[in-house]
Structures are given as structure tokens and as C-alpha cells.
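A, B and C label the chains in the order they appear, each numbered from 1.
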Amino acid sequence: MELLTNQILAGIATGAIYACMALAVVMIYQAIDHLNFAQGEMAMFSTFVAWQLMQWGLSYWAAFVAAVALSFVGGIVIERLLFKPLAKAPILTNVAGFIALFAIINSSAGLIWDFTIKQFPTPFGSSPFLGSQLISTHQAGMIGVTLVLLILLFFFFRFTRIGLAMRAAAALPESARLVGINTSWMIALGWGMAAAIGSIAGMLIAPVVFLEPNMMGGVLIYGFAAAVLGGLTSPFGAVIGGFLVGIFENLAGTYIPGVGNELKLPIALALIIVVLVVKPAGLFGRAIVKRV
Amino acid sequence: MSAVQEVVTEAPVVDAVPKRAMTLGFGTSLAVLALLLVVPIFAKNFIIFQLTMLLIYALAVMALNILTGSSGQFSLGQSAFYAVGAYSSAILMEHANINYALTLPISGVICFAFGYLFGKPALRLSGVYLALATFALATAMPQLLKLNVFEPWTGGVQGLVVDKPDAPFGLPMSQDTWLYYFTLLVSVAIYIFSVNLLKSRSGRAFMAIRDNEIAASAMGIDVALYKTLAFGVSAGITGVAGALGAIAVQFVAPDSYTITLAISLFLGMVVGGVGWLPGSIVGSAFIIFVPNIAEGISKGLSGAVFGVLLFLVIFLMPHGARQMAMLGQQLIGKLRR
Amino acid sequence: MTAMLNVKDLRAYYGQVQALHGLEFGLNEGSLTTLLGANGAGKTTTLRAICSMVRSTGTIEFEGAPLLGRSTENIVRLGIAHVPQGRGTFTTMTVEENLQLGAITRKDSAGIVSDIERMYDHFPVLKQRHTQQAGTLSGGEQQMLAVARALMLRPRLMLLDEPSFGLAPLIVRDLFRILGKINREDKVTILVVEQNAQLALELADQAYVIETGRIVMSGNAADIANNEDVRKSYLGY
């Protein structure tokens, strides 16, 4: 029983990574109604930018803020240049676009910073949290930041005019235009915000998985799975989903025989799919009634 | 949490392709076939090998076209079926001494069953959820193939070696050339089968499901049956492609069948034109040759160059090669007047 | 009096299919005009063309400014509110959020707050339900909400597409009475597309009849209502 509790706690700790990534995923989903496969790579690139700024002498927090700001702008630029032209193209073509973006960013990062592992600092230190062997101060910090982001997003969407406009543009684009909202720019803004959140996720994750161009591959998939599990329309669901995915992953590794590191991912995904078959909109998503 | 449900008139994930436009005209098809028959005479063995792979991937892309393009189910997991087909063929040849040609239909049937079984739980998923499920399948496959418990059959991490067959009846051609013609024969047969399938009642059922699942079900179409059937057929054809691939490449190993293959096949479908069967060969050419071109342009940035080339293609032809074919048809129509 | 809205030689297309064939009409400031016609005649298309929601050629001028070529949201910002067919309510948001969205392009927060109160005066039922999700409202209430949302823009021109659709006759009378009031007191020019010709002609002062993408009849609403031939040929009663 104690092993189970420990594994659950450890799962929550690792799940903080997925929760943070899942927030960025839900953010972009709110804006464009599908998942951006290049999001992990964008987060990775932002983290490298922060690392580079620190190499050039900036303090951690200066680099952090700069990276978030640059990511926000970068996200908007990428959307305006590469995806606005594809706005009328079929969805599958847009997916191919995400894949192309993935390849470009991953390859560029590899060329600029090469594939050797680098250390990325954490502002939280890495001693045991409150003396517990299961959660480090960094992991506690991750959970804290994720929760703060969640609260900020909640306030943004519920209590600001821009947040209201973005929700409207995502819900019913044509009606949104009829009240004067520029839905095209709402999409760009969504990309910017998703990129910014992704950069925060990347900078929190890098101290744990170490900074290298392929660091976000597995994390992104878990992030998707977490977002889907929580319900793609719910940032709160995304965070809960992230923690649950961390727990699933840990329990699968501990209790299912023969599951080494490589099979953890498919097993976790399989578990999520089982949940989805029972609750197709995810745990906290809005039930969708489909009409002809 | 509110009790209000979001009422969605679901836009189909996949655009409709008019049936008329599903294939090339008879004359164009014959011309392409003639070209494919004649090319090996002028080419060296390595080029013939690449052409064989071109046909094999075209088969796999065509299978994906049947699944996504006509029945509207989004799959990122075709590499799993390809792997099962490849391994089935290799294991039958290596451990049961079965003739290479016979392994094709057997692999096809095994993969059909596998696809059909996977299609059943997938019935309740669509769009991003199905994509995630098929993605899970694709990532799991290489790991499953490495599992110790299967090693006596699969050869574990190292895989199995496969013998390339000689031309039958002592025909005077190299192994590569014979394999090319054999593959061409199988491909043409499957292409004709697929075209007829899509023009048949089943094909119409697929397309009705793609365009509006609820309406199709209201019309009396057994949606569950046709969706799983589409998965099965698609998996079966991909399995045959995998078997041919195993013979062409002369070995099977778990890391040859990763998610990268599934993503490549997806890109091949988009570049060729979703739902347009003849485009499969264009898509296949893209995924075989463009990465090499990209590497030729810049070794260090090959991924980035590939991405840029891919963007160029989708900016110029968002609907894939089908767009160019339609433009060509319009031009020819105008010239005739 | 120069017309507030001037439409000349308007042709509209859905893909290859042409829906409007050289439409011409004008709206005077302060008028309440109704556009009548059978199903498929092009009434909805006309409203959509004014708001740049369908591919069109020709000339549309609003207070002298050309509309074709502008985006929908920019046309709305000029002061044209459009209550679409099916109402376009943001069903997952509250009644009050829907009203706030109507005013999303305005900068005067005090004015917005007082306008919301005015909407609650016009439509008391909305005040009762102001924290409810808009999707839980009845058809009639959603129509009121849609009109209120449009008014939050403080529009100079309001376009309504079949507001009576799916509503009980008593509710329609109530709605039309309120529209008349808005036209007279708030000085909003109104163009109402309707299939329910009888009620529309009672409300409006001007009327146009459209058939297969062309205006076939125009004039005083009262004259048209009294003209038995016109009623039988074009309006079905």
C-alpha cells in the first residue's frame, strides 16, 4: 500500500511536466481547433534561446522573461507567415504544415546548438521538498508555476475583454465577426499565447530531462494525451490530466510485468484511450452533441 | 459545470472528392503503365531497387488513402500494419520455408484481421482522438517487436534476414528486375481492386460515412461494419506492401518501422492528394526522393530543408497532386476547343 | 434624401452558382424596410452580401462608404449590426456575456454598462436570466437576446434575417412591436428579411419583394399589403 501511495506521489511530481505542456496544448486548441504537432519543438527552441541568453551573461530571470516575450512574438510571426496562407486549406494539409514546422525547428536547433546534452538551471533548487524523498523542490516549483498559470488563464478568459473575444472567436467564428471581432488576429494571438506558455513549460522541464533538441518528443505526446484526457476545452482538465498521465505512467511501469521504459508510452496512451472510449469528451470536457 | 451541451454540426475532417475525379482517365492510366513497364530496361540495378520501393510505398499510401481519403478515418498508425506484414512474410519464409509469393496473400489476410480488430475499439474515436490511438499503436509496434518473449520468431533487436528470390522459370533477368516486375504486377492488381472497391456499394458507403456519419447511419448504412472494413482493407494492403518491402530490402528489424514511417506515409497521402488514388505514386516519390534531395542541399540542415520543401509543396498545392491533375485536365479541355 | 444604404447591380455567388442577379435597392435613413420573397429567392444572400459573407460583385454603399472588399468585422465596425438566420447566439456563454460581446468593439465602459441596463428594460426576461447560459433559453428568448446583442453595437443600421423563424405568433408580435419601438425611439434604420409577409408588412414602412435574385416589386408597405395581385403572386396570401 505504501508503495502504491509513493508511486502515486511520484507520478504527480513527474506529471507536473505533462500538466504544463498540456496547458499550452489546450491554449492552441482553443484558438485553432486542432493540435499543433510542432508545439514541443517550439518550446524546446525557446528554452535554447533562454540558455543562449544566459551564456551571453543575462541572469536567469532576465533570460526567462526575454524568452517568454520572444516566444510570444515568435508564435504570432509563425502563424501569420506560415499558417494564415493555409487557413482555407484542408485540415490534413495544415497537419502536414505542423509536421514541416517540426522538422524545420528540430533541425535548426540541432545545427545551432548541436545534440550534446546541456544543463539548464532551475530557480527552485533540487533538494528534497519538505524532506520528502519523492518530490524535489524543483518539482514542487513546477507544480506551483503550473497552478499559477492555470489561475492566470482562468482570469484571462473569464474576466478580460480580449479573453471573451478569443472565446467567442473560437466558439462561433462567424458570429464573432458579426460583433466586429477580427477572428484572424484572434488566431494569431492564440498562437502567441500558446508559444509563450510552451516556453515556460520548456524551461521548467529542461532541468529534469536535460536540454537537447530531442527533449520534447515524448513530453509532447504525453501533453497531448493529458489534454485529451482532461477534455480539450478545459485548462483545468488539462492540468488534472497531466497529473493523471504521470500517475498512469508510473503505475504501469511498476505494476505491469515486462513493461520497460520503452513500453511506458504506448501503455499510458492505451489507458487514456480506454478512458476516452468510456467518456469521449474527456474527463472535464463539454459533452458534444453532434447534429446532422 | 454547466448542463449545456455544445451542439456541433461536425464538419468532416476529410474533404469530399467527387467520384468522377477518383482515378486517372483510361488513356492516361495506360500511358503511365507503359512507362512503368519500360523504365527498368534503361536503368541500373540500384535505380530499379528504388523504383520497386516507389511502388511499395505507393501501395501503402494508397491504403491510407482508402482509410482516410474515402472513409474519413484519420490514421497515424500505418507503420504498425506495414511492420506486421513485413514480419509475417519474413517469419513464414525463414521458419516455415514458404514461397515468397505465397507469403503476400497470407500477410495480407493477417493484417486485414489485425486492422479489423483494431478498427473495432476505434469505432468510438474520431479526429484527434483516433489520431492519438493510431499514434499509440505505431509507437508501440517497434517495442513489441523487440520483446524477449517473441525473440525466437522475430529475431529480437537484430531482426531477420530475408532472401531475395531469383526470377522464375530461369528467365534472363536480375533479381532486382524480377522483383520490380513482380511488385508492379501486384501493385496494378491491387490498384484495380481498390478503384473497383471505391466505385462499388462499399465505396459509396465509405464516402457517405466520411461526409456525414450521422446521416449515413440514418440512411441505414451499417457504419460500424464499414468503418472496421475500411480499417481491415487498408491494413491488409499495407501488410502486403510491408511484405514486399521485406523482400526488397532483404531484412526486417524493429527500428525500421517507427512512427517516422507512419508520418511519412501520411505526408505522402497529403502531397499526392487525399482520396485520389493515382496521387499515391506522386506522394510516394515525394517521401522517397525529397529527403535525399534535402540532404544533398545541406547535410546539417537536411530536416529544415525538407520542411521548407514540404511547405512549398503545400502552399502551391494545398490539395496535393490532384490539384495539378485537375489543372492539367482543364488546360487540355481548353486546348481542345 | 440620399439613401443610407445603396445597392447597385449586386451579383452574388456560392461557388459556381449565382444567387443574386443584379440586385438594386436603397434604404433611407430612419426607415423600417422589409425584404420579402419565397424560399431560395435570395433574401438571406442579400444580407450576407452586405456583410461580405458571400462572394459578390457590384456596388454597396453605406453612408457613402463602399462596403465590397471590406472584411465582415470592418463592415460591422462601420455601424451595421446583423442578426443572422438561426440567431448565432454564443450558446456556451451567459446572457450577459453575449451582450458584452455585442459591445466588444466599443471603448466606453460606462456607456456599455448603461446600455446593458437599457436592454434589460427592453427585454425584461433577459434580466431574469442574465447569468444563465444562453443555450438554455427558449427560441423566443434567444431571438430577443440576438436583437439585444445587435443593439449593443449602437448600430446605425440593423439587418435581421427571418427573426420570426420557429417562434409562436404571439412572441413574434411582441418582437416586432419592440423592433418598431427601436426604430422610432433609438433612430435605428432596420432591414428585416421575412417569410411571414403579413406581419412584416404591418410593421414596415417600405417593402421590397425579391424573386430568384432580382427585385420584382418595391414600394410602400401599406400599398403592397393592399394590393391583392401582388399578394397572391409573390406573397402567397
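We adopt the following convention: contacts are C-beta pairs under 8 Å (C-beta built on N, C-alpha and C of every residue); 3 or more make two chains touch, one makes a residue touch a chain.
Remember, predicted model here, so these are calculated numbers, not experimental data.
Q: Of the chains present, which has its C-alpha mean closest to the combined C-alpha mean?
A: Centroid comparison flags A as closest.
Q: Could you tell me which pair, A-C or A-B, is linked by more C-beta pairs in contact?
A: A-B
Q: From chain C, which chain is the farthest off, judged by mean CA positions?
A: Between chain C and the rest, the longest centre separation is with B.
Q: So what's the Cα centroid distance for chain B and chain C, whole Å?
A: 51
Q: Cα centroid separation between chain A and chain B, in whole Å?
A: About 31 Å, centre to centre.
Q: Between chain A and chain C, what is the separation of their C-alpha centroids in Å?
A: For chain A versus chain C, the centre distance works out to 43 Å.
Q: Listing for chain C: what residues touch at least two other chains?
A: If we look for residues of chain C contacting two or more partner chains, we find 92.
Q: Residues of chain B that touch two or more other chains: which are they?
A: If we look for residues of chain B contacting two or more partner chains, we find 2, 4-7.
Q: Give the residues of chain A touching no fewer than two other chains, as numbers and ranges.
A: Where chain A meets two or more other chains at a single residue, that happens at 286.
Q: With touch defined as at the start, can you tell me which chain A residues reach chain C in the complex?
A: It is residues 161, 164-165, 167-168, 171-172, 174-183, 286 of chain A that touch chain C.
Q: Under the definition above, what is the set of chain C residues touching chain A in their complex?
A: Listed in rising order, the residues of chain C that touch chain A are 51, 53, 71-73, 76-77, 81-82, 84, 88-90, 92-93, 97, 100-102, 104-105, 149, 153.
Q: Please give the residue numbers of chain A that touch chain B in the complex, ascending.
A: Where chain A meets chain B, its residues are 34-35, 82, 85-86, 88-93, 95-97, 99-104, 106-108, 110-111, 221, 224-225, 228, 232, 258, 262-263, 265-266, 269-270, 272-273, 276-277, 280, 284, 286-292.
Q: Chain A touches which residues of chain B in the complex?
A: My answer: residues 1-2, 4-10, 13-15, 68, 74, 121, 124-125, 128-129, 132-133, 135-137, 139-140, 143-144, 146-147, 149, 212, 214-215, 218, 263, 266-267, 269-271, 274, 300-308, 310-311, 314-315, 318-320.
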